[in-house]
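Look at the two complexes coming up: chain A is in both, with chain B in one and chain C in the other.
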Partner chain A sequence: MEILDKLVNVALIAATLRTTAPILLVALGGSFTTKAGIFNIGLEGQMLAGAFFAVLGSIWTGSALLGVACGVAAALAFALVFAVLVVSFRANEVVVGLALNILAGGMTISLMKAIFGTRGSIVGQGIVGLPKVQLPGARDLLGSWASLISGFTPIVYVAFIAVPLLVLFYNSTRLGLYIRVVGEKPEAAEALGISITRVRYIASLLCGLLAGLAGAHLSLGYITMFTENMSSGRGFMAVAILIFSNGDPLKVLAGCLLFGFADAFSLRLQTFGYPSYLVLTVPYVVALTALFALSYRARPKIIMETLASMQKLLSADKSTEPGSKHPS
Partner chain B sequence: MMNDRLRAVSGQIIAVAVALIMGAIIILMVGESPVRVFMTLLRGAFGDQAKIAGTLLQTTPILICGVAACVGLRGGMFNVGIEGQLFLGGFAAAWVGFAFPLPAGIHMLAALALAVVAGAAWVAIPAYFRARYNTNEVVSTILSNYVAVLLTSYFTIFLFKRPGGWSETPPILPTAYLPGIFDFSRLNWGLVIGLVLAIGAALVFRYTSWGYGVTMVGSAPKFAEYGGVNVKWQGFVVLLLSGAVGGLAGGVETLGVHHRFMEGFAPGFGFDGLIAALLANGSPVATIFTALFFGALRNGSLLLEVDTGASREIITVIQALIILSVSAQALVRRRGDSQAGERRWKF
Partner chain C sequence: MSNALGSSTLHNAGNNAVGAGVAGMAVALTGITKRFGGFVANDGVDLAVRRGEIHAVIGENGAGKTTLMNILFGLLQPDEGSIRLNDEETVVADPAVAIKAGLGMVHQHFKLVPSLSVADNVFLGMEIRRHGLIDHAAQIARTRELAERFGLRVDPTERVGLLSVGIEQRIEILKVLVRGARTIILDEPTAVLTPQESRELFQTLRSFVAEGMTVIFISHHLEEVMEVSDTVTVLRNGKKVATRPTAELSKNELVRMMVGREVSFDRRPREPQHGDVVLEVKELWARDDRRLPALRNVNLEVRSGEVVGIAGVAGNGQTELAEVLSGLRSASHGVARLKDRNLAALSPAEIRAAGLAHVPGDRMVRGVDRNASIAANMLMGRQHRAPWSRGGVLNWNAIGQNASKLIKDFDIRAQGSGDAVKRLSGGNIQKVVLAREFTNGADFLLIDQPTRGVDIGAQEAIHDEIMRQRAAGRAILLISVQLDELAALADRILVMFNGRIMGEVAGDHADEDRIGMMMAGVAVPEFATEPA
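And now, the complex of A and B:
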């Protein structure tokens, strides 16, 4: 019980919020492409590029904010290439996404070697991290619970505020509606005169924007350094979340909190002396389990659909028989 | 027919050329001379006898992983988890190699067999869920890569670490070695295994009804289903076979090259294999050539790091650019289709 007390406390919840933020941002970005009917496995690369160029930008300009802007710009560039190839050139989205991930990995390491002459990581060198926002009055109001709402970097707040904004966006704006129509019923969108190409471009770029913010948070907020492949599969976990949430912002939030918790919990376990290699597998195993378990749960839907289509087939068969009535 | 194939090959070559030009621009941006980088790569890959053997040594795992990817791609399955299967296969082979003394020959075969089983077992769960519940295999196999790498590291460092050594298992017994081909290089019979696998896979796809069914499922699943193919079961088998070959690649690397399992023993071979198979458009025979190309790049990049200021990851950038420009060709083939049309593309 004592161990449990040490493991689960306010600090763990605060850590969960901190680890949730990057994956939440990248998953919300992916929600745009998912809703627009694009399977975007390239989130990982956009996030990694965002993390690297955010560090580069903050060193060059001496400003964390401009660093974030650089990270976002880099992720947008990746998103644009993705959109050009997938939307305009009609290339396979899995192939393009994977290639862009590999490109991001190779490019960041090559540039790191070229600019800093080092391999592995960039530490110090004048990187300016994002400031922590201390909400005034939080400590007086909540006491020791204040760390749940105060003391995070601005991007963490952006991530959580983005959730309700996205719900509004999909339900009450024209662009949100267009994105959903293009994803769910592209034929209908075409018939309505909505430009599928333009909507998918916009969705891809919005995705790049949030993925870049997520990357910047990794290297300027979460910690103040860049390491090789520091996104370490978060983009892929986001894709897993997007598959079983279908891009709905609230479900995305629920999934991300689960992973954020798994991440924070595994970091915590490490300090208790469990073998780090096993502990580090926890978030991936959680992601896989959720993916498999929820696809198992989706089974009745698949069976219903199969049954419905079989029924249709059978009724079509019967109707060709002379003298038979259409079964309702 | 021949004309089509010629056009396909010339298309890939143009794509590679475009990628190399873009690569050259990036090399310029990094502050190196593209000519010097490419010449160094060439010298590092084919400069002398030992370098050529080194290139073939690097080609071996890429080729076997490439065949693994081809098997999946032909059946419409993206096995992005070859990297993980390679790691588990490599560890499994090493385990048999150092823990069970067996007669020469049988020992090696037993180790390779367990590598194959380990690779297939590792992909079994994603394959089952893909076949049964249509769970996206791209994501599940990618995520299982991370688990595989961490798990084999755990085995190596916490359970089987060689006393006093680095992060590696005890060396395998010489009875389990894959014999070498030349005495001046670590090049071994694994290359022959890879070539036999590639040609064997091509023959199976071409001349057996099972192979035809797999190709059919990959290119036109509805048609195959009407034709009486059990699509789900076949998808499961295809992924399992792909994983088995991926595991074999790890076994060959352990028994032929390192003679032990080390942490991070074969970084990126699984992904290189997938890229080689994509560039070869899923053809196992063409994968022999694309794997050789990537093997040469990899071996050349070792010299690159010594002789120039460029990092060897520049070849990763070039590989990614090649795949991007190959994928862009889809435009030429599919111009004029409606954006709303069915999204079924070739790679």
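And now, the complex of A and C:
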């Protein structure tokens, strides 16, 4: 029990929220493309580009906010290239996504070398990190629980506020509705004169926006540095979450909290000496199990007639025969 | 836009109800011709629909009904001919033009978004908004009001994904109504409905006409055409056969106009044979892809040396019967036995090994690989057997020689066995299928529409071949929509209607009236085999 108390406490929950934020943001970004019917495996690359250019922007301008803007712009550029290739030229979305991921990885490394003359990571160099927002009055109201709502960087708040906003967006705005229609029933969109191309471009760019924010959070949030391949698979985790949440914001949140919690928890466990490589597998095992269970439930069902159903069908069939027609 | 909508619909309704008394044409198509490559889907078709009537367009699958409606609605452009909407010459360049002229179309395949509510689907593309957000309450209220007015039972708040196809259709109709349609085209609306739902639909259609609207109703079911329509236009092979008031027509006349008789075959001479039962089907039930009942209590047997014909208007369960017998669809009840082996327990490959040869109804989909060579197509299904392969390596010499021999035996017009099948004519492609299937040594031949789209010369040859197989003691189940083909070949003819065997006629007494009545769903008492 003592160990459990040390493991599970307010600090752990606060840590969970921090680790959840970047996955949540990038997954919410991916929810736009998922809902629009695009399988976007390029989230990882967009996020990485966002992280790198956020650092670059913050060094050049000396402003964390402008740094974030640079990161977002870079991710948007990636998203635009993705949209041009996938939506306009109908290239295979997996191939394009993978290519852009590889491009982001390689490009950040070579730019790092060209600009800073280093490999591995950029530390210091005048990077300005994001400020932490201390909510006034939080400490008075909640005491030690205040760290659950106060003291995060702005992007964490953006990530969590985005969830209800997206719910509203998909249910009650025209664009949100059209994104869903384009993804679920493109032929319905076409029949109604909704431009599939336009909607998919918009969805791709919205995705780039959030993926860029997520990247900026990685490099300017709690640690102000950039390292090679800094996104370390978070974009792929987001893809996994998107596949079995179908892009629904609330389910995305649940999935991200699971991953975020596992992240924070395993960091904790490691300090207690449990082998991290085993602990880190837990969320993936959970994801695989969930996918298996979902697909097992969705398997096609075989119909067998019963005595009752046959009788019903025969009598329904009789009533259409000429003897008994014109029922009313 | 949204606020004007409801009132303008009502307003129009008033106007047109007055106008309906004046004789006018809602739709007039003249000399419509549409070609797809070499195939003529519509050949100089005229269609005149009076305002305020229910006009049925009837014909078999492939008769050109849907093409004609797609032209009317602007989804296709005619090669020749003109269109008048509401007595005005109109070029229907796209559906927007048609919608503006007051046309609405309910397609065969619904275009609804499963995760959206009924009201959201109805108003999709013309949402009612307040402060930039969609006003769900207003949309729900409008939908409910419209649904009640025309007797369309549907809950506007439910998610479409949870609803039955019958309700989905009502939503499609509401979509059309909300856009202010005055002439509503329904493409095979009852194909997806239960009889009860069909009856409700007919009520709704009558309520449209009562408000001065016009309905164009496409169907290949005679019953419902007789029941609901004022006027019938019959199409066959892309041509218009006739337009007549429904009241003047009998079902038999309709069947004859639909099925027609263009080629007449003489009955083939034959030796009587009394073979053993090869195929036995007992109390067989099956569902179609929409999970609606397609086979209802089918009983039949086929003996060796016997050709049993299945007659019926297309879409009455013949396809599903062939699929169940070849293992492509599972039955929902009952048994089919091929030489005492229960087919339900076997895979399609095992059924073929047990003695089935299958000439499928759609040869381009299930009969051949159109891009592969004749030799490869003739090999399919036996590629793992000697002498065509040894140790997993194909012996193309043997395969080629066999193919060349079959090309000669079956008189297939081709350059050589290496020709791609897609370069052959329809008749020759069918002969490739026959050559493969008939040389498999199978005892039971399942032959579905053997001469569909085949020229007359090849038809004769195919019939000769079927009779040779009969003489060789094969048991043959011949499914055909052509009565004269069945009369020429079959020893017994079973007539299917709505998934049931309506009755049996001896092949040498193929009385067309009797068969026609059964095809139209009229039980002919002395021949009915159904238990009461």
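Throughout what follows, the second predicted complex is superposed on the first by the 274 of 328 C-alpha atoms of A that agree within 3 Å, B and C clash if a C-alpha of one lies under 4 Å from a C-alpha of the other, contacts with A are read in each partner's own complex, and residues count from 1 in each chain.
Basically, a contact is a pair of C-beta atoms (placed from the backbone, for glycine too) under 8 Å apart; a residue touches a chain by one contact, two chains touch by 3 or more.
Computed from a prediction, not measured in an experiment: that's the story for all the values here.
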Open item on the list: Applying the document's definition of touch, where does A:180 land relative to chain B and chain C: first, second, both, or neither?
Closed with: second
Open item on the list: Tell me the contact category for A:262 with respect to chain B and chain C: first, second, both or neither.
Closed with: neither
Open item on the list: Quick one: is A:193 in contact with chain B, with chain C, with both, or with neither? Answer first, second, both or neither.
Closed with: second
Open item on the list: Touch test for A:172: chain B only (first), chain C only (second), both, or neither?
Closed with: second
Open item on the list: If we overlay the two complexes on their shared chain A, which of chain B and chain C does A:47 touch? Say first, second, both or neither.
Closed with: neither
TODO: Considering only touches as defined above, state whether A:243 meets chain B (first), chain C (second), both or neither.
DONE: first
- [ ] Counting touched residues of chain A, say whether chain B or chain C comes out ahead.
- [x] B
Open item on the list: Output check: A:106 vs chain B and chain C. Expected answer is one of first, second, both, neither. What do you get?
Closed with: first
- [ ] Determine where on chain A the residues touched by chain B overlap those touched by chain C, and list them.
- [x] 187, 302
Task: chain B residues within the chain A interface of the complex - done: 26, 30-32, 78, 80, 125, 129, 133-136, 138-140, 142-144, 146-147, 150-151, 153-154, 157-158, 271, 274-275, 278, 309-311, 313-317, 319-321, 323-324, 327-328, 330-331, 334, 337-340, 343, 345-347
- [ ] Give every residue of chain C touching chain A within the complex, in rising order.
- [x] 95-96, 111-116, 120, 124-125, 127, 129, 132-134, 136, 194-196, 198-199, 203, 223, 227, 251, 285, 287, 291, 293, 296-297, 330, 332-333, 498-500, 521-523
- [ ] Can you check the complex and tell me which residues of chain A touch chain C?
- [x] 168, 171-174, 177, 180-181, 184-185, 187-188, 191-194, 302-305, 310, 313-314, 316-317, 319-322, 325-328
Task: Touching residues on chain A, where the partner in the complex is chain B - done: 37, 39, 41, 81, 85, 87-92, 94-96, 98-100, 102-103, 105-107, 109-114, 119, 186-187, 189-190, 196-197, 200, 232-233, 236-237, 239-240, 243, 275, 277-278, 280-281, 284-285, 287-288, 291-292, 295-296, 298-299, 302
